[in-house]
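Listed below are the structures to be examined.
Common to both upcoming complexes is subunit A, partnered first by subunit B, then by subunit C.
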Partner chain A sequence: MIWKILEALIFPGAVFILTVSLFYEWIDRKLYARLQNRVGPHLAGPFGLFQPAADFIKLLSKEDIIPAAADRFLFTLTPILAPTLILLGCMFLPVAGLNGIVSFNGDLIVIIALMSFCTITIYLAGEGSNNRFASIGATRAALQLIGYEIPLTLALLCAAISTGSLSLRGIVEAQMANGTWLIAGPQLIGFAIFVVASQAEMERIPFDIPEAEQEIVAGWSVEYTGRRLGLFRLTKDLELFLLSGLGATLFLGGPLGPLIPGLEPLLHTIYFLAKSILVLIVFTLVRTVFARLRIDQMISFSWKYLMPLAIFLVIITEVIA
Partner chain B sequence: MSFEVPIGPQHPIHVEPLMLRLKVEGELIIDVDVDVSYIHRGIEKGLEVRTYLQGLYLAERICGICNCAHSLCYCLNVEQLLGKEVPPRANYLRIIVEELSRIHSHLLWIGHYFHTLGFETLFMYFWRDRERIMDMIELITGNRVITSYNVIGGVRRDITPEIESKLRKTIEYVRERMNYYDKVIDSEPSLLGRLQGVGVLKPADAISLGTVGPHLRASGIKHDVRLDDPYSGHDEVPFNVVTYDTCDCYARVKVRMGEVLESLNMISYALDNLPSGDYRLKIPPFFKAPEGESLSRVEAPRGELVHYSISNGGMNPYRYKVRTPTLANLLSVAVMLKSKGDYEVYIADVPAILGGIDPCICCTARVIITDEVKKKRRVTTLTELERYAREREVRKS
Partner chain C sequence: MGLVARLVRKCRARSPWILLFDTGACNACDIEVAACLTPRYDVERFGTLLRGSPRHADILVVTGPVTRQSRDRIIRIYEQMPEPKYVVAAGTCATSGGVYWGCYNTYPGLDSVIPVHAYVSGCPVKPEAVLMALSILLEKIEKVEV
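Let's look at the complex of A and B:
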């Protein structure tokens, strides 16, 4: 029992996940900066490694303001709910073995549900702050959900269909049994859809429409300051970890790799992190080479191209499986 | 249901305070109100109380980015008043620095424009290459931003053969980069989606709203002060007036891209055919200008810039008036931002449309006093404002 609690709290649980997701933010920022001919974070720690943590701590120590017009309940609840939901989702990832901290048949569905809940939380956060920019941003977030959620779910389900299992453990085991990763095969299309839809889920360029700085200031998060903003920023980092981890697990075999007896948990962790960093690099590359779309362009793009592609993929997967 | 979204006076897309009150239905903009009266600097009055030479330094500081155009326009104005002609070498040097500052302004604009469209990568690249041009400006004039290059009667410094060879290298580098960026812009679907068909301004509207500069040329109208009224030996330097007839934001980007290439050619030509001789007339620091008035026009990076002065024979101008290009272009923003029939404008298009005119608010603002109690608005004169300020000062002490 005590081991289980330690597992959930420290490794590969909350502490580990938070540390790694801050590290992922650093990779994302540094790579993004280098690709743009900038230096990127370089002051806090070696190569600026502690910059994301420093930013987070700085935000925690800032003044906490609740606007008079805001809904106090939503304004307090949503910044706590959003990172909690994503952190819970991260618990399902098979980091240090074939099992996550929590693992059961159908946990893939739970992760999808948690991500959607997170977007709904963001909608509530925007509408609860009672600001014109925030409510435009919140509406955009909800509209965007309509655009990307179904292709994302279909892409993830195709991985489940082709391996015949709805649990992450089952999908990893099927890849182990086959000896190949899912990405080698028709699921390459699934991976592409997953990458595009993930950018929308994480609200990154070209889909950072709900918080488009130059249009609606900061969108849904405009009224959040101090520790509340810090928690939302942490949510973004956790989402980065969750989605790159999910991509690595479903399409790149997750923790699989050559093993040395006795060192399995360590090697599993290394393989998992290496693969998810690969996915993360793809995410960063995508955000480097595009301009922001307009919300109407985003919706029509997902329904005209992403949706048919996802349905086409389901048919192929069904025929093969 | 419609509601009002205030874009400004402080907003991430504005570098300077400007107010756009948008009336929106969801994402669709149905009405807009533009207010520019947030900065007042009293520069025109300042010019009237300074001697002509002192005025030059103030005129240069009307705008940081087009400082070269302002100082050139001021110098032309005073030279016209004095009836002096600058030596031909000074004219060519003026063209070189003017075109360099046009390139730097356009690169700055294109980069910042892509930033407002969320394309951060291209923003960084454009600004990196702009730095090369800034280095050249520094090498020639001694300053990076406020060049202080034009003086009454010529230019401050000559260029040396070393500077010339460095300048030629930079021109080649920037030309190569611009050709590459041209391809990038034309092949990037997410960017084209944000530019094409956005902020359409028909040629007839562009003329009736009095737009100037690249904004007007992007509506397909061939108008350029350098061509229509060659002011600094532009009749000797060949160049094309770049126009584009799609009349949208895409055209505005393409026109400026084309103008950068044209400016590079002009600099090369000016370097090849640089006349020898003096680069400056000797003019004493204090002088009285003959009575009369004079009007000078310059094609600033943002469009036609007009300086007008009246002299009553004294040491300083009796009246000095500046009309900056942004003031002429802002009217068209109000028209472009309104949805009309098939032409739909979304909130997301505001940065694209407003940015398209290359707004520079600090040289544009006019004072309007709004009386909240009487619900009245009036334009105040500077003297009144000054008196008001002095009275307050007295009351405080």
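Let's look at the complex of A and C:
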């Protein structure tokens, strides 16, 4: 019992996940800067490693403003709800073994649901702040959800169909039994759809339409200050960890790799982190290469190209499996 | 100073998010301040991010002479920023009014409207000068109460 609680709180639970997701934000920012021929953050700690932590602590220490026009209930609730949902999703990832902290048959569906709930929370956060820019941003976030959610779900389900299991553990075990990762095969298309749809889920370039700075200031987060903004930024970091971890688990074999007896949890963790950092690098490359699309371009792209591709993939997977 | 207070102060000095505000400048200072974000000067080394919303920003960088039209707006933007907040007046026009000094429609400098923590001279400012002002301001944030 006590071990289970420690597992959920420290390793591979909350403390570990938060630390790693801040580290992932650093990788993302540093790589983004290096690809643009800049130095990137480098004064906060060695190589700027503590930059995300410094941002977070600074935001915690800032003044907390609730605008008079805002809905007090939503303004208080949503910054707490959003990181909680994503942190809960991270608990399902098989980091230090084949099982996550929580693991049951069908946890893939739960992760998809939690990510959608997070987007809806963001919609409420934008509408709750009762600001015209926030309102536009929130509407765009909800509209974008209609575009990317179905292809994302289909891409994840294709991995489930081809392995015959709806749990992350089952998918990893099937890859272990097969000897190859899912990405080697038709699921390569699934991985591509997953990367594109994840960029939309995380609201990153080219799909950072809900917070498009040049058009609508800061989108749905425009009225949030201090610790509320800090929690929303933390949500973004956690999403980075969740989605790169999910990509690594489903398509790259997650914690699988050559093992030495006695060191299994450590090696599993190292393999998992290495693979998810690989996925993270793909995310960052996509963010660097593209420019922002308009909302109508995004929706028509996902319904005209992403959606048929996902359905095509389902058919292929069904025929092969 | 306690350990937590020192940590918070260090973090504030390592993560200054800036907001650009043009009170009616000729755009020269804006281009030069924006040049700080380019690969050559890369202000993100200090942890600086350019934010669109005053609610997210720590440092307000103002360019141009404060006109009667923009006075109320700049006060509103300043008040929308959360404490602790700092202001940098970039360019001769923002520090003293520049060539518009004594004009019927401008104020003599930004500090006659809102408190200013750092001045950068130059017409237009040099990106190096903006970085210098920023680093001095950050040192002040870390070492002494501004």
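What we mean here is this: the second predicted complex is superposed on the first by the 321 of 321 C-alpha atoms of A that agree within 3 Å, B and C clash if a C-alpha of one lies under 4 Å from a C-alpha of the other, contacts with A are read in each partner's own complex, and residues count from 1 in each chain.
Please note the rule applied: a residue touches a chain if its C-beta (ideal position, glycine included) is under 8 Å from a C-beta of that chain, and two chains touch if they have at least 3 such contacts.
Note that this is a predicted model, so its numbers are computed, not measured.
Colleague: Touching A:132 in the superposition: subunit B (first), subunit C (second), both, neither?
Modeller: A:132: touches subunit B, not subunit C.
Colleague: Considering only touches as defined above, state whether A:4 meets subunit B (first), subunit C (second), both or neither.
Modeller: neither
Colleague: With the two structures laid over each other on chain A, which partner does A:217 touch: subunit B (first), subunit C (second), both, or neither?
Modeller: A:217 contacts both subunit B and subunit C.
Colleague: Who does A:226 touch here: subunit B (first), subunit C (second), both, or neither?
Modeller: A:226: touches subunit C, not subunit B.
Colleague: Please indicate which partner A:40 is in contact with in the superposed arrangement: first for subunit B, second for subunit C, both, or neither.
Modeller: Only subunit C is touched by A:40; subunit B is not.
Colleague: Contact-wise, after the overlay, does A:48 reach subunit B, subunit C, both or neither (first, second, both, neither)?
Modeller: So A:48 only meets subunit C here.
Colleague: Looking at A:288, would you say it contacts subunit B, subunit C, both, or neither? Reply first, second, both or neither.
Modeller: first
Colleague: Touch check for A:61: first (subunit B), second (subunit C), both, or neither?
Modeller: second
Colleague: Figure out whether A:297 sits in contact with subunit B (first) or subunit C (second), or with both, or with neither.
Modeller: A:297 sits against subunit B, while subunit C stays out of touch.
Colleague: Report, in rising order, the residues of subunit A that make contact with subunit B in one complex and with subunit C in the other.
Modeller: Subunit A residues touching both partners: 36-38, 213-214, 217.
Colleague: Once bound in the complex, which stretches of subunit A touch subunit C?
Modeller: Residues 29, 33, 36-44, 48, 50-51, 53-55, 57-58, 61-65, 213-214, 217-218, 221-226, 229.
Colleague: Spell out the part of subunit A that touches subunit B in their complex, as residue ranges.
Modeller: 35-38, 132-133, 136, 139-140, 205-206, 208-209, 212-217, 288-297
Colleague: Mind pulling up the subunit C residues that touch subunit A in the complex?
Modeller: It is residues 7-8, 10-12, 14-15, 39, 42, 44-47, 51-53, 55-56, 58, 82-84 of subunit C that touch subunit A.
Colleague: In the complex of these two chains, what residues of subunit B are touching subunit A?
Modeller: Subunit B reaches subunit A through residues 3-6, 11-13, 26-27, 114-121, 124-125, 128, 188, 190-191, 193-194, 346-351.
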